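Each structure below is given as structure tokens.
Shared chain: subunit A. Partners: subunit B in the first complex, subunit C in the second.
And then the complex of A and B:
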């Protein structure tokens, strides 16, 4: 009895540092932003406090809706592309000899060790008018100028930026799969497609789900890539928030937009979770009814 | 293709496997008959698993050819070979129910639904797991998982099922039960089983024929009784069961050992197998074929004298080490009258041992290189 109480006290004490970190770095900023989103702004960039719903009302302007919609679309696209490419890369790495895997993983991480801005600028060089890709296209007789700025450049560099985030969770769940399952599937007549569709994709489902979440959510906050590679023509929500804070000097409006994005993120994550659950339950039920029929 | 009298399920010709400079399977020929329970028995590292993986198509032979049911499959991928494998780790799909695991192959091969259900139920019935169809593999015991793996391997009615040490992960008692079960199921489905094991008891109890392998070579292919009673080499004699190997030299048609004089042995058979005078040989005698005489005075002529070195009581029998001049012999003495006489003796007592000439098998002292 005394023992369990002491254990629970020890447990609570051990939670304290983590709780402080979360409180200071997550809860407090969140509360401040939530509070600011209801504050009254003055035209000179001041935050007058008080309470108003004006900020949220302003967000109903179609300009904001359009950007939010475009951002969600881009985030979904990027999450899907990253997860598919991440799956291919993770499967490749996980099926190499065990001693070669750390090296391959390191290659995936190395770009992460360089500055985000530098990496983005490197894409300008790569895809720009004097870059190798245009050079090759010209040599092949394909008329091409510069790929920057373009949406293609944005999509490519988003994929590049978030690929490691997709590879790692998928690789982790892939590694937990008994390698003899691949042989078992082949032995039971499954080809390449069936082996993946029936064995590897379902068994790495948790990694794939994490990959979708880890790429979808931060894509909404990206603001450097659309400016540098997209020419700022199609801003993402992240750009808009930065603009509202820095150029419009309207903190409360920026805070309100941040809150909207936050709610949309949570809603998307919840929706994705719900859909996955319904799909897997449906699949199970249909398999069962198929059997009893 | 020429007609063969006995249908052959798997025919190996000159099959070889080398990894780098290491030859794991020496060139070998092997015919496995249709419908038989065939074991490949050998110590770990003898090449038996590699041999099996070449039959399944997971490994490509360095040389030689493989025929399945009279069809050359050298260029046929695993998934198109009419065989299934039972993996040592079972390799059940953890996200699928027992039913779906068994149904996997039929679904992949697009079997009509009406037929699929019947066949899956039938396979589950065969392994007595009909009530476990909806369970996940993680909710089953080791023995049950193994049965699911077996049901999954036979549901597509392949010509051959290969089993890779399937009982290795089970406890002793379950293992014994499964030996009978496997044999029963194999008879029921009539599929050729190729059973890879290092456990000689498993091979002896279940097989129609056994191939004994060592260092990449097949040393002998024979029925369990012949493998046990008429081993072809010193390795086979020592690997299967326990066996006394008495070093001797052939002189005037007899096996002469310095301590024994003429060792009782089947010399007629040995000559038929080409053992000649002057050859260095060993005489192989099974412990249970040796009679222990507690009173050496009553022993028959030709019995060897020795000293009682060690004895262990095993319940139904005693295992006794008798130190003779030529060798230390292991003798099995059944409990009962003889056992009681043995128990009364003191350690180091003078005893005598004897066996009939038919019990002594003369084998070359050196393994012949194939």
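And then the complex of A and C:
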């Protein structure tokens, strides 16, 4: 008893440095943003303090709703695409011999040692009029011009940017799955689809949920990709926040929009948590009922 | 106000550097200072200028960069920025004077002020150069690829031409985009009238379906490769390189006007290093130093006496660096829209979200 109490005290003490860092670098800035979102702005770009709900009232303008809606759609699309592709990659890696797995994981990470902007620019070259993809299309007689700017380029580049974030949690949860389950499923006559739909997907649900969250949330904050690859005609909410803080010199309005996005992110995390719990409970129940049947 | 590639990185770096710059603010203002903190547009102070200054004066210079006047103003307004010299664009100067962020320049301490070209002496945005000494200047105009357009381009109206649909870019910057939007309607690019601005907004809305996109980063590459036929463009390095490298690429000021910008050195109010700040102003007023701006950064110098000292004279004749004098006749200085900024913002938000 005394031992466990001492352990928990030690544990709490060891948490102190990390807690301080999180407090200073996450909580405090967020409190400042939350505070600023209710502040009064002056036309010169100052933050006059005080209290007003005007900033939030301004966000009711359908123009903002439209951009937020578009961004949410883009983020959902990216989360789904990343998770599907991530699932395939993670499954491939998890089913290789154990000693080869670290090498494959390393290969997933290596490109990400390069700067994010450089990688985004490389997509311009890859998809641009002088790039290999257009070159191949032309050689095959398919009439094609540049793929940049286009929504296709944006979606591809978003997938590329967030894929590793999707692969790792799915891989982690798949590694925990007993490989004999696959053989068991095969023995019981489950085909490829059934093995995945009824064994692997439910058992890696927590990894899939983390993957959805980890790709969905940062996609809402992206602002470079739509400008460089999408031509900047369809801004994401991240672009709008940058514009509000800089060109529009309106910190309070930018802060209010940031808070709205933050709430949307928290809501999506909560929703993902709920779905995971339901799915894994459902999986356990069906496993149990199948066992008793 | 020139092309600011890698904007996001710049902001982060500037923010990080600004934090480290804070310590300088506490120093005493007496005696000769040995340090100078400069906050400037990226790419507008060549290393050669900084090295030369450090060698001549023994003062250690730190330069941080910003990517918009607004970023710079908000950092200074927050107080204790630690900067001694800043480099505001013309419209930012009155804004900063109004907010009491700049120190009055004592002309008696200046040496070489008469080297400045006439149009930068006593400019409209800062009467009698009370707070700013112009350093670099440039224009906002049109960059086009004649192999793609098939004919010379003369004005903004060509950026509204159906013929180039999907091959047109506008600058991804509110006030810059409105230059085209307002002038194509025959209005002043700096109008503060609500009705004018709404016309400009409508013009930009009408134009959007024709655009390939809004781009302030790599439009010059796009025009050079022919991926874009025609783009609203800033003069300076990237446009100049495209013009110099490809005989089909031209930079013009539109017949409807175009605009002129100038970035100036100003002394931050309450600087701890005033003597070093004046040494900087005097050093950069020397013609041979100002010539380095063109030689090493491909930007136009405000220093008339510097022009003949530029080593590569093709830069002086490149219209994407030094716009020809006669094309500047109709060019407007962009000024701060003041309270009308709200009309521009409402309009621009609508344009972007449409």
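General remarks:
One rule holds in what follows: the second predicted complex is superposed on the first by the 259 of 293 C-alpha atoms of A that agree within 3 Å, B and C clash if a C-alpha of one lies under 4 Å from a C-alpha of the other, contacts with A are read in each partner's own complex, and residues count from 1 in each chain.
Note that a contact is a pair of C-beta atoms (placed from the backbone, for glycine too) under 8 Å apart; a residue touches a chain by one contact, two chains touch by 3 or more.
Just so we're clear, the structure is a prediction, and the values are computed from it rather than from any experiment.
Contact with subunit B, but none with subunit C, is seen for A:203 once the two complexes are overlaid on the shared chain. By the touch criterion defined above, A:178 lies against subunit B but remains apart from subunit C after alignment on the C-alpha atoms of chain A. Looking at the superposed arrangement, the partner reaching more residues of subunit A, out of subunit B and subunit C, is C. Applying the stated contact rule after C-alpha superposition, one finds that A:19 touches neither subunit B nor subunit C.
When the two structures are aligned on the shared chain, A:95 is found in touch with neither subunit B nor subunit C. When the two complexes are overlaid on their common chain A, residue A:187 makes contact with subunit B while staying clear of subunit C. In the superposed pair of complexes, A:8 makes contact with neither subunit B nor subunit C. When the shared chain is aligned, no partner comes close enough to touch A:152: not subunit B, not subunit C.
By the touch criterion stated above, subunit B contacts subunit A in their complex at residues 56, 58, 77-80, 83-85, 87, 89, 91, 93-95, 99-100, 104-105, 107-109, 113, 117, 152, 156.
Within the complex, the subunit C residues that touch subunit A are 6, 8-9, 68, 70-71, 73-74, 77, 95, 98-99, 169, 172-175, 208, 211-215, 217-218, 225-227, 338-339, 341-342, 345, 348-350, 352-353. Across the interface of their complex, subunit B is touched by residues 178, 180-181, 183-191, 194, 198-199, 202-203, 287, 290-291, 293 of subunit A.
Note for the complex: subunit A touches subunit C at residues 43-46, 61, 63-64, 66-67, 117, 121, 124, 128-130, 146, 148-149, 223-224, 227-228, 230-233, 235, 239-240, 243, 246-251.
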